[in-house]
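Next come two complexes, and both contain chain A; in the first it sits with chain B, in the second with chain C.
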Partner chain A sequence: MKMTAPEGLAVWLDRLAQEVNLIAPREIDGVLLYRPVRNSGEIVWEFTRPLLSIKEAFFPATERLLTIEKIGQQIKLTETLPKGEQVIFGVRPCDARGIKMLEALFTDTEPSDPYFTQRRENTTLIGLACRTMGATCFCTSLGGAPDDPGDMDVMLYEVENGFVIQVMTEKGQALLSRFSLETDDISENESEFRASYLCEQAERIVIPEMNAWAVKFDDPYWEQVSERCLSCRICAYVCPTCRCFDVRDEDLLSGNGHNQSERIRCWDSCAREAYRRIAGGHNPRQAKGQRLRNRFLCKFDYYPRQSALGTAACTGCGRCIDACPVNIDITEVMQHIVEVSQ
Partner chain B sequence: MILSECKNGHNPLVPYLGKLVKVRDLASEIKLFSVEMLDGGREALGSYFPGQFAFLSAFGVGEAPFGIASTPRRSSTLDFAVNRLGSVTNELHLLGEGDFVGVRGPLGNWFPMDEFKGKNLIVLGGGIGGAPLRPVIQTVLDNRQNYGHFTILWAARHPSLLVFTDEYDEWRSAPDTRLHLTVDQPDAVWDHNVGLITELLEKVSPSPEDAVSITCGPPVMIYYVNKVLDKLGFKPEQNYVTLEARMHCGVGKCGRCNLGEKLVCVDGPVFSMADVGKLSESFL
Partner chain C sequence: MSYTYEIQTKARSLLESKQVDCVIGYEIGPRGRTRPAFIYQPEEVERLVWNQACTHNLTIYLKEQLDPQQSGRLKTKEQTPRHAAVVVKACDSRAVNVLLAENHFGREQLHVIGVVCDGIHEGAGEVGNQRSVRQFPAADPPQFQARCQRCIERVPVVFDTFIGERPSNQKSGMYENVLDDLDCLQAMTPTERTDFWLSQFDRCIRCYACRQACPMCSCPTCLYERDDSLWVGMGIGLNEKRTFHLGRAFHLAGRCIGCDECERVCPMDIPISLLNRRLIQEVETVFGYRAGMAQVPPPFVTVLSDR
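Now for the complex of A and B:
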């Protein structure tokens, strides 16, 4: 295997930042986010996980789909597919799995979404294995691992004198060929190395069986646990796999006197009261309990049946637990389902 | 002249351009828009089936899904009945003949009209829910010999909200076809049934033998109509409905229209009540 010294890696990242859109964990006003960086000095190296997942780089919070120009009687539509190569550095294994789950839905399920798919094709993921699990992390309970390279293009493992490099895909190899990284050979093979890369791997919680959720559809628990829910939707926004969106047109300021607007899509969440309301006012999910139930059943019952992956749409990143202002904890919900189904 | 720089044949989120060639009042606050597709939309929307839907764009405001109210056999335009209820429909109502709209579709599944051949059909439409049933009615009338007894139960809250009133004579005069009208709130000149469509259904009491029912209307109407159909001996497999849901993509991505694990946009909007019964979540 090969490894690189921290200095060599920094030089490499500096070069990458000059040639492509390099996105990495960066502190913005005290908040850690994946954002474009101009050089390696802006990158934060010690972190559990940024506030938002890398979902943003594939499915932005607000994204233009097309522009609409009215010129007299004429209408001109211009589709605005994303362009440009991006490399994301410092990707956590949970976030890379999240992208795979979104890909199953956006790209692999016909018709594919050209916006997400284009960004996925234009992006290379450079993973950074977690040395420890955060207090609210539970990826190991959902088949993930803090050092799982499975969904990366290149995986880096921090060791005493630098970073061990594992190339996972041709795309990762191509990036390393284009931008050469100073490396040293090390004698260990992968299994020896992985065994020595110490990280706690215990499963932290018990995950309910997929079929246990539907049985609890009419459980009064949903109404109880939702009493304190503020329908603020932060759980969906920080989630690496939540993907619901809204579409609308917004006016654009235009210098040439033409009437211009853009069609955008923006993140939405099933916690929102109007989410399922139809014209005329009927709302089959009027109650908060019905909406919160949908959030959990979507992840653990509906998505596994809809997606070719067949897995739960949860990576165990724990972001929703940290973000919830009223302490609704996805692992507690799962424990309830496990207990009542026994 | 129209400009469209989109190579939009492959982008399911970009609409095709269409021109409003006819706009007419259908009922109170409900207009019927006839859209002539332009450029690539001619082919993409040249073929579609009864029960399918499409998104209509009011450019600058947004888009919303509507059942297609025409058949390609009868009409070279696409017809949409639009009730003025929100921002998109309000903007659409401001448009007139010659104005441009966007159309994405055809989307969703459709009524299995071939499977219905040889059967007696009961169509139940409530208010603007009649719009996606018009292609069913036209398909039956255009292929009258392929279907058995044909019964249409048509309802609205008030006579001013009944849709396609100018087509009733054609429906009534077709062979072996009965049209029953009802409103909850009659006006002075109303001389048909008064009451809910459920009451009318009990009165007409169609036989479930070799029969299929097709219902579209508000969720509460669909629910109670099917209660009465159960009572009349119809099996859930014999009862078809088309469901409405809030949706923003129509192609299974935006997540908005889920009923349990099913998505109304791609698994529907047409469901048999047997399939509805398997859903964990109620449409009501």
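Now for the complex of A and C:
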């Protein structure tokens, strides 16, 4: 394995930022987010995890799908596929795992989503292992780890004098070939290094298995725990795996006399009251308890049943726990299901 | 006697005598975060606490507790009007008056447990300081929230049960760090102000937590979410977000009580309360009116109704 000094890495990232869209953790008005950086000086190096996941770079909050133009009697549809190369630096293993879960649905399930898929193809992931787990992190309980390189293209591990580099995929190798990085060899081999890389891990929690959830569909717990829920959308929007979206055609103001509109999609969340309201006005999830229950069933029952991955759609990143204004805690919900299942 | 003990005692008596169906208060969760609690049984009142992390404005839950027909509930409800008790601070109590003036429920349905709050700490309701770049330990001594430093009420303006003692000196030492952010805003040129607000709204992800955390935002369907008329586009873009935030601020003018919960819940640290407080300032200047001090409609209803 090889390692690089921090200065060498900074120079390398500066070069990268000139040639591609380099996305890295940076502070925007005090909020840590994965956003484009112009140079390595803008990157934040010490953090637990940014507020939003890297999901934004593959499945943006709002995205144009196509334009619709009416020219006389004709209607012209123009698909607007995303273009441009992205490199995301400083990706945490939980975020990369989240992209894998989205991929299983967006790309690997027919019909494949060309927008997500195109962005995924255009993106290289450079991971940064965590030295410790955050107070609300529980990735290790879901088969992940704070130093798991499995879903990255290149993985970096911070050590005393710099960063150890592990190339994981051909795409990662191609990036390093294209943009050469000054490196030195380290004495350990891969397995020796991984074994010696000390990373403080939190105690594992029990995750209820897939079949444990639906049998508790009528548990009064759902109404109780949801009483303080605000029905905002924070949990869904910060989550690396939440992926619901709304689609609408909206007028475009254009001055050339053509009737123009665009088809856009944007983030949606099952937490909002009108999410499941259907034509005619019926809403099978009118009550907060029904909506909150759906959120958890979707993650731990529906997703594993429907996706080829077969795992729960949760990476244990803990963002929802931190961000919820009323402390609705996914680990508390799981603990309840475990308790009532015994 | 601690406030916690007094609140628990009162809650037990209200529930045992069936004066209320539910007491809305605060509890501490397993991770040590204070959060809203809904107590239905006298045996459970020991969950209730009072501390300086009781930041939430619990009046947001009153409508769904007292008027369940309006908001769907998982189980069917009886037709008789429900009764609830709610723990409020001075700021929250003003929200009670506004909600009553706007006829969301009857005064007789509500038992207000008003607490003389000593101030709520910065970072209340959160696990560490997760929104910041790094994990900061809690400040020592803890800082008070900006709204507490600005607070001139200190004592609930409406209550059925009064917990605490009226402070002899309302402004005892809290005013040292009052933010002059309103002055900064006023000092900007219109162009600078536009740039400032647009750069703040740019971060917005339209999660609507600000709206959901606000007791006054009670429209059954928010104007900005109507999918029949689509007054505002659905996208999470700057134009739409600007419309939402500015429009909401105007809808709250004369109604906002400045509890700042909108700003606390915002995951993107947008200074939403600053916008609302600017309009509070305007309403005070033009109409000499502060929302929620009495159970009366706002000046837009009374002053303009004769024209």
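One rule holds for everything that comes next: the second predicted complex is superposed on the first by the 338 of 342 C-alpha atoms of A that agree within 3 Å, B and C clash if a C-alpha of one lies under 4 Å from a C-alpha of the other, contacts with A are read in each partner's own complex, and residues count from 1 in each chain.
Note that contacts are C-beta pairs under 8 Å (C-beta built on N, C-alpha and C of every residue); 3 or more make two chains touch, one makes a residue touch a chain.
From a predicted model like this one, the values you see are computed outputs, not experimental measurements.
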Joint occupancy of chain A by chain B and chain C, clash or fit: fit
Contacts of A:105 with chain B and chain C, given as first, second, both or neither: first
Touching partner for A:248 - first (chain B), second (chain C), both, neither: both
Chain B versus chain C as contact partner of A:93, first or second or both or neither: neither
First, second, both or neither for A:82, with chain B first and chain C second: neither
Partner chain(s) touched by A:144 [first = chain B, second = chain C, both, neither]: neither
Which superposed partner A:329 touches (first chain B, second chain C, both, neither): second
Chain B versus chain C as contact partner of A:44, first or second or both or neither: second
Touching partner for A:302 - first (chain B), second (chain C), both, neither: first
Overlay on chain A, chain C to chain B nearest C-alpha distance, Å: 5
Shared chain A contacts, counted only where both chain B and chain C touch the same residue: 246, 248
Residues of chain A touching chain B in the complex: 65-66, 68, 70-71, 73-79, 81, 105-106, 109, 111, 113-115, 214, 217, 243-249, 251, 259, 261, 263, 265, 268, 270, 275-280, 282, 284, 294, 297-298, 301-302, 305-306
Chain A-facing residues of chain C, complex: 29-31, 33, 35-38, 56, 60-61, 71-75, 125-128, 130-135, 199-200, 203, 205-209, 211-213, 221, 225, 227, 230, 233-237, 264-265, 267-269
Residue numbers on chain B that touch chain A, as the complex places them: 1-8, 10-15, 17, 57, 59-64, 83, 85-86, 89, 98, 100, 102, 218-220, 244-246, 248-249, 251-256, 258-261, 263, 280-284
Residues of chain A that touch chain C when the two form their complex: 27-32, 44, 46-48, 51-52, 61-62, 134-136, 220, 222-224, 227-228, 230-234, 237-238, 246, 248, 250, 264, 266-267, 272, 274, 283, 286-290, 321-323, 325-327, 329, 332
